[in-house]
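My questions all concern the structure below.
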């Protein structure tokens, strides 16, 4: 079968140094484990819980950092767009354009992304059933999009909680798209910590293992050298030093089922 | 107490004629019943289920129709924006700027809307708890927004279904903002009809009555002369001919509790 | 229309004195407000969160207290059964036999209750859709049950939380049975307080008002002279001194819609 | 580590012949794969959706069949009880006493089962959070229960649907009890087929694999020689001929993670 895809990196671009630290270590680990690695970081977190939350360096500076990492490390990069007006500039740098979960039904954003010819990676909204992602795929295909990936990142389950329905993985795969499991956003507790979202880091590994065994094409993880100091989503990020052990077990499951 | 606010009109602007038909009849009914009426229609439905769904006349033409209705009928108008770039033009015409539920955490859209000084009406996301709307209100207030209204329109409840948690009404009111109950989107069955969302028109009235009795400042209803022919959200719109009877009972409840 | 039915009393029978205090005051209030009052208390709380929770006086002693109240006050009484073996004894005293929500699918309990010829009041399980209560009604009718009432008491909404879906009221009424809204169990936070369930007393009134406006035949409330000292469900009980004001507003809504 | 436990058999005892067919083949497969097999069948399905649903042979005859299989095949057997009055007779035959999900908070049933000294296997209610199973465990331990197993079988997710929250597996394991994943009831669609519950057999394997990778001690599966003809839960049973392939992959995952 195909090698596992790993989309990983810090939630937001904080500094080029942190980005490189993560990218280099992850590239090395993934090379060793036979994983296809794609570096991920956001240039702008457009939907943080609070005004005072860190948002990132912005489109221009962010894309510059991503371009620099991409070229110097020969690493594909992915980031998310929030507005049709950002898509063109983003497509000049990114290998994969990501559509955030809350925005997965915004027609213009989807079609603008599809029209670039780049891979489009759509996160399933917390409010969308897995079978209704067919409508999203149809929107992308309807304007010529051919390279589409879909991401499970949890569904609304009461208030301030998400649940991962593992049935969504085979359902979304049946739409003919590679399916990625976002192991770190899935353990968010949305709004669960007052002015920011909380997280349950301890469940990253069991959920990632479960999804791997259920059947996925890729994993998504927010990775930070020191999650306690992360300017965004620290509570649900995995520490850079912990990733390798988790990935080894993921690969064991994948190999066992190959 | 204050008179009931009614935000109502066709989901999308289809033609100026339909818009006027609804606006005129509603103005007349509301005058008679002592209700403050605000005409609502969308110039662009940016998140329809499918590419082929009707989206509306677009920003420019849509605002023109809204401006014409506003001036000729002396009627306040409300519409929704989907992108920070639309806010300025919209604010030149609209009395109230509405933020769609899926976009209720998009910081730039919120702050851009608040900065216009217009009333901002934010729909609570289907994935947001009522108490977390405090973060939305704080974002708006943080840039000087003072006139904020919040809307309940249902919360994700499993797949393809929404549930209205009536507790959300007093919770959101406790944030110091008028609270509106959206009686027609609350009976949507998201994605429930294949390539479009379904609806349960029969529950518009019981839910509107329930919300009124629980305590609200306003009602929101999509109203169409012939919901079966509506180009958008027909399944959960109320027929223009049926509105008055429902409103009469709403006013009876409100009066009884005054 | 029919007068409102009120099923109310302390969660568990604590002492005959407390039971009488509640029953007498409620009888007086309900007479005054034109409400049909039914005294409710449990002789055994068979599903408390913890072993050390107070359970009540048991079948024999509990029925004795209920019989004494029933006869001396000329008041119909209701209590719940948890086991087919209790039904016969209970039916000798009770006017209405109540089936707890967790047990609403236990066939033997339902049929045994129906066969007594008494009114059977079934609480909809937190895990049951309103339309699936048809199966419960069919079980009761299938053995000759003709006097059936159905109760909404909230549906599971994520963990440790219930949501009242007001759509359930018209849906269950369409099954041809009077529908009761349980305003106090609906505000329980199941398991939400460690070794016992928590509650949100502040939402009893808004939910009771909402349900009344949506359309119900009866209300159910756990009422205690001093909820802080109640041996069961204090967190979601209403204080005896507060009931009248709430009921007055309920009656106003009901009258307005009559 | 410990060998995987498999609790499996037909939903209800239909005939001794079907029971033996399943038990013999499963014993043979499990011996080969190094799985500890426990034969499961219900003597009474006390909570079927409809009166006309098949319930099983009843306590006496059912226990006789179970005893006969147990002795002749040297196979541990498990079945469920629904009433404290059944526990003593059941404990004379069964190796493990199972408490149904709907009844997991019924104190008398739990304590009566624990007092027998037998292993007690409690299914987590569809309305119970994984951490609240601590209260169940405490009830059992409070009367001397020491051998307790807990089962995940899905949580209420909107109406007519269950979702398996894989976080529940590590959470329940942290209570110090072996945890079993019920792969066939978890794919039930409660009440989803009118007068009976539907099921999604296609998700049995992905969920079983996912749970195995997340970390479990045992699996539970309803197995029938011909699920289409099963008198109970056919829609979510696995065919006897399909079990071995699934178990092989389960064992591969388990071995990979050992």
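Letters A, B, C and D mark the chains in the order given here, with residues in each chain numbered from 1 onward.
As a working rule, contacts are C-beta pairs under 8 Å (C-beta built on N, C-alpha and C of every residue); 3 or more make two chains touch, one makes a residue touch a chain.
Because the structure is a prediction, the values reported are computed rather than measured.
Annotation: A-B is the more contact-rich of the chain pairs A-B and B-C, by number of C-beta pairs in contact. Annotation: the subunit A:subunit D pair of sequence copies touches via predominantly the same residues, more than half of the used numbers being shared.
One inter-chain figure worth recording: subunit A and subunit C are separated by 48 Å, centre to centre, where each centre is the mean of the chain's CA atoms. We define each chain's centre as the mean of its Cα atoms; on that basis subunit B and subunit C are separated by 36 Å.
Taking each chain's centre as the average of its CA atoms, subunit A and subunit B sit 33 Å apart. Shown for subunit C are the residues in touch with two or more other chains, namely 155, 157, 159, 163.
Residues 155, 157, 163-167, 169-170, 200, 202-203, 206-207, 209-215, 249, 252-253, 255-257 of subunit B are the ones that touch subunit C when the two sit in their complex.
Contact residues of subunit D toward subunit C in the complex are 46-52, 55, 82-85, 102-103, 105-108, 111, 125-132, 135, 138-139, 142-143, 155-156, 159-160, 190-191, 195.
Contacts from subunit D toward subunit B in the complex involve residues 157-159, 161, 163.
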